[in-house]
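Same chain, two partners: subunit A is paired with subunit B first, then with subunit C.
Coming up: the complex of A and B.
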């Protein structure tokens, strides 16, 4: 039996293909939006994975360093180590900064860590080993192993490269020793230092004539930073992190979040607004895509009503006509989906944000696309079956 | 529904067709009586709007009559209502249509347009294509077998549509001005072919025409005027 769908597609293959590709671009944009959302979530999780903590200790009544300013003294971790169930406690500092040379400025999220701490997703070089002037950069930053990067007054050497380590806002992550991060966080430019120093020296209470050495101590205290953004705690084996977190909150007047709560803050709260926006955009885009697919499939049938009437006139049964419409609709959806997926694969790396294509999302999109095609073809089939054969001959 | 001697291939009694109802009703056919025997080619004449196409569409089970009786090969198809459940299968298996315009399927080539009908009837692809090739040969367009419809001239398209009408060896062919798009030479060839088909395959053929050149070829003519049918003897000039 001659396949009506195959013959009809073959007869106007160019138009059919380009229609499919047009739908594909729309599907591609929809998939990209889903990918951007997934990317934000994955980057948020990557941040938590990088921290490798069971509990996040942050400034009291704050949501932690990703949502609100959080500041703790850098010797506070010692107190944490005395609590039952606490195995390790590490300081950590975060700041977002533009780094690099004048020609190549990159916005990054700096993460100040204990130089002995492991670094996840390291793909080249080594972790930090020295207490100062070393960096481990993410591939996405564009820096390479051995690059020397100036940050404020100092120059840092890239000793390691990670892959897929980004902040939830898509900035590549850069690891450096905690002390350096603290200094960068607090370091002012020369003019500001000069003005502050002058102001301190002109204050008679801080620079009394009777005690000329006092100003040196005041300046040291004023220009040094002993604050961190959070302390990462690992609990001993067999201890429940929620219970240990409750103990920390009870005794030390800080806020402590177990990992799952921090994940909720990071993903549920911090990127909630962005994800809602993307989600809404995704819904609108899906509806538009569905409407366009439906309209295209329906129009395809409408332009063939005369031929369908002829087919009915010469005795073609309804199931063959229905199959033609359904197969053409599914073919269009398949071309659209495959070209859309291909487009996303090629254009996703060009996006500044991390675009993650999950297999689940891809399969879901395929099923939705085919479902829309089936629904659209039902409308087309209904109109085709309603055509009287006499309309083929103008009767 | 095979053609049997002395049983008319087409028997129409008191057939009527009215469009609309009440004050706006228009009667297109009034008590039509018509008999066409197997192997016979009859002409159906009449001015525009006289109801020729309506009659053909009623006979072809395309249009519902308002009343009357239609029998093909002795089998009642319509008796104040259709007796044949699957009218599409009836058209496919028993009636060949030739129209003023070819009405071919544009996404099939010439051979496929013809072979599609035997395939619908359940014949194998090989047999269907062979039948299509034979008919293309018969109609002298075998060299255009693989051509797409838009690549064929008007005359070639019409010949393909005639071949399609013959593809299933139907006992009845209804032809609505089949020679209209053809030049007089081709028109005569088509008429000769229809007469040959009528003789060879014992097919009953009704030809609606306005063509002055082919009217003398019919032995029997039906004139339709204002929905009323009159029978007349034709010249029956040899082809």
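Coming up: the complex of A and C.
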């Protein structure tokens, strides 16, 4: 039995295919938007994965180093290590900066880490080994192994490349030794240093004539930075991170977030507005896409009403006609979905920010597409069945 | 037939499209194996080293300044001059010291005269005493012959004792005046020493690095006027992370990279591992000297220092990127039948160029996954990518 749908499509295959591709592009845009939405959430999580901490210790009553500024003394971690249940505590400093050469400036998030710490998602090169002047960059920054990048006063050598390490705002992440990060974060330009030093020297209380050595100590204290943005704590196995975090909060008078609360801050607070914006847009786009698919499928039937009347006239049973319309609609949906998915797969990496295609999102989109096709074709079938066969000759 | 052919073509196209998408899902999609690169245990020499940053400083540096407050009279040397040990560098204004010195000299002279007078007085008293003694002896004899009265003889005795007392008094007076003389001359010498101290003398051969005060300025005691360093004692005061400082010993070779000459590596040697560590920065101070001190150094210039440890001959090593940590344990992902398997390893020395000595845990035939495209887990299918 040769299907009616098959023959019908065969008659105007080009038009059918292009209609499908058109729908496909629309589905592609919708999927991309979903991917951008997922990407934002993923970016927030990427940082948590990179940090690999059970508890984030930050300045008291602040929302951590990303949502709000946070600053802690860098010897504070020793106090944390004495608490029961704390296995490791590492200092970490974050700052967002534009780095690179004059022609190629890239906005990155610098992450100052203990140089002996392992770096996740390394795809080339090696982790940091020197306590100064080395970088591990993310692939997306466009830097390569062996590049020498000046940041403020010093020249840093790229020794490793990671993939998928991003800040919550999507900037590629760059790892560097903590001491360098502290210096970059704090050190002013030379003119500012000169002016500040002059100001100190002119202050008779800080530079008394009777104690000429004092000013050196004042300057040392003034021009050094022993602060970090957060301390990452790993909990000993068998201890609950919520309880350890509560202990830290209670006894050390700082704020500590277990990983899930930090995730909530990153995803719930930091990107809440942006993700709501994108989310609403995604909803509208989905509705528009659904409407367009439905209208396309419906109007496809409407343009064929004359032929259907002819079919009815030659005695084609109703169920064959319904089948034809349903199959054509599903075929259109499938072509649309596949071409859309293919398009997304190829254009997603071109986006400056991370676009994540999740399997369940894709499957959901497929189901929704097919469902819309079925619904639209039911409407089509209804109008097709209502066509009187006489209209084939009469109209 | 034509119709059939066209339909056949469409069918084939459609099937190919679906197959293509399926293949894409399997090869590039979520079901695809994770692509990794492969390394194996390697054998070779490892050159461990420790890296630190420091500044150019001088082991022997001198701050030349007055020991007393005063006004600077003159300075004979300037920034950049080489000075010799004992050289006169400058002088402080003595103000009233010359006059005080002269007064002290006059005072000494005067007391010398007093000594002479006291000596004369002693001589005179002694003369009188001898005279009185002789008189007394003679009267004693006359009493025995009953030629004078007992009373007269006793009065002569008493006169003699009085003369003796006078002599002692004069002697004591002389000793006192002599002490006065001694004190006056000590005072004179003290003033002389003070006067000499106003001269600023170079304590060693060296180079003047700073001239901080100009003649005419009034300064407090201890203010450095000149800074002098011994250029042969230049070294790099280097900060080394305490984590790595345990292996550093005096005499180890080092390479010094000056900020002024970033492409030039100078030879050096660890000269001192300081006993005091910085507890705040968690660093330790290590002083690295130059094998030959280069020209044109400036104090305080930044330098990168790499200290080389003893070479490890023919040991097994892996790139450090291959080492992963799970629950605090170091290990590697070994590929067994196309799937990952976590194998804990024991790690030895790490080098700065990213090699890690493996002391135990894996065999040379093990294929180890490195640079995975996605984070690896236990039992994940992997596809080995060739090196590019």
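Criterion: the second predicted complex is superposed on the first by the 393 of 395 C-alpha atoms of A that agree within 3 Å, B and C clash if a C-alpha of one lies under 4 Å from a C-alpha of the other, contacts with A are read in each partner's own complex, and residues count from 1 in each chain.
Here is the rule we use: a residue touches a chain if its C-beta (ideal position, glycine included) is under 8 Å from a C-beta of that chain, and two chains touch if they have at least 3 such contacts.
In this text the structure is predicted, and so the values were computed from the model without any measurement.
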Does subunit B (first) or subunit C (second) touch A:310, or do both, or does neither?
first
Using the superposition on chain A described above, determine whether A:10 touches subunit B (first), subunit C (second), both, or neither.
both
First (subunit B), second (subunit C), both or neither touched by A:299
neither
Touching partner for A:338 - first (subunit B), second (subunit C), both, neither:
second
With both complexes overlaid on chain A, does A:277 touch subunit B (first), subunit C (second), both or neither?
neither
Quick check for you: in the superposed arrangement, does A:203 touch first (subunit B), second (subunit C), both or neither?
neither
Specify the partner with more touching residues on subunit A, choosing between subunit B and subunit C.
C
For A:130, using the defined touch cut-off, is the partner it touches subunit B, subunit C, both, or neither? Pick first, second, both or neither.
second
Which subunit A residues lie in the overlap of the subunit B contact set and the subunit C contact set?
10
Complex interface listing, subunit A residues touching subunit B
1-2, 4, 7-8, 10-12, 307, 310-317, 320, 388-390, 392-393, 395
For the subunit A and subunit C complex, residues of the former touching the latter:
6, 9-10, 13, 49, 74-75, 87-88, 115-116, 118, 120-127, 129-133, 155, 159-160, 163, 179, 209-210, 212, 226, 234, 237, 338, 341-342, 345, 359
Subunit A-touching residues of subunit B, taken from the complex the two chains share
53-54, 57, 62-63, 88-89, 91-93, 97, 99, 101, 103-108, 112, 115-117, 119-120, 125, 148, 164, 176
For the complex, which residues does subunit C have touching subunit A?
3, 6-7, 10, 17-18, 21, 24, 28-30, 51-53, 220, 222-224, 241, 243, 262, 279-281, 304, 319-321, 323-325, 327-328, 350-354, 371-373, 375
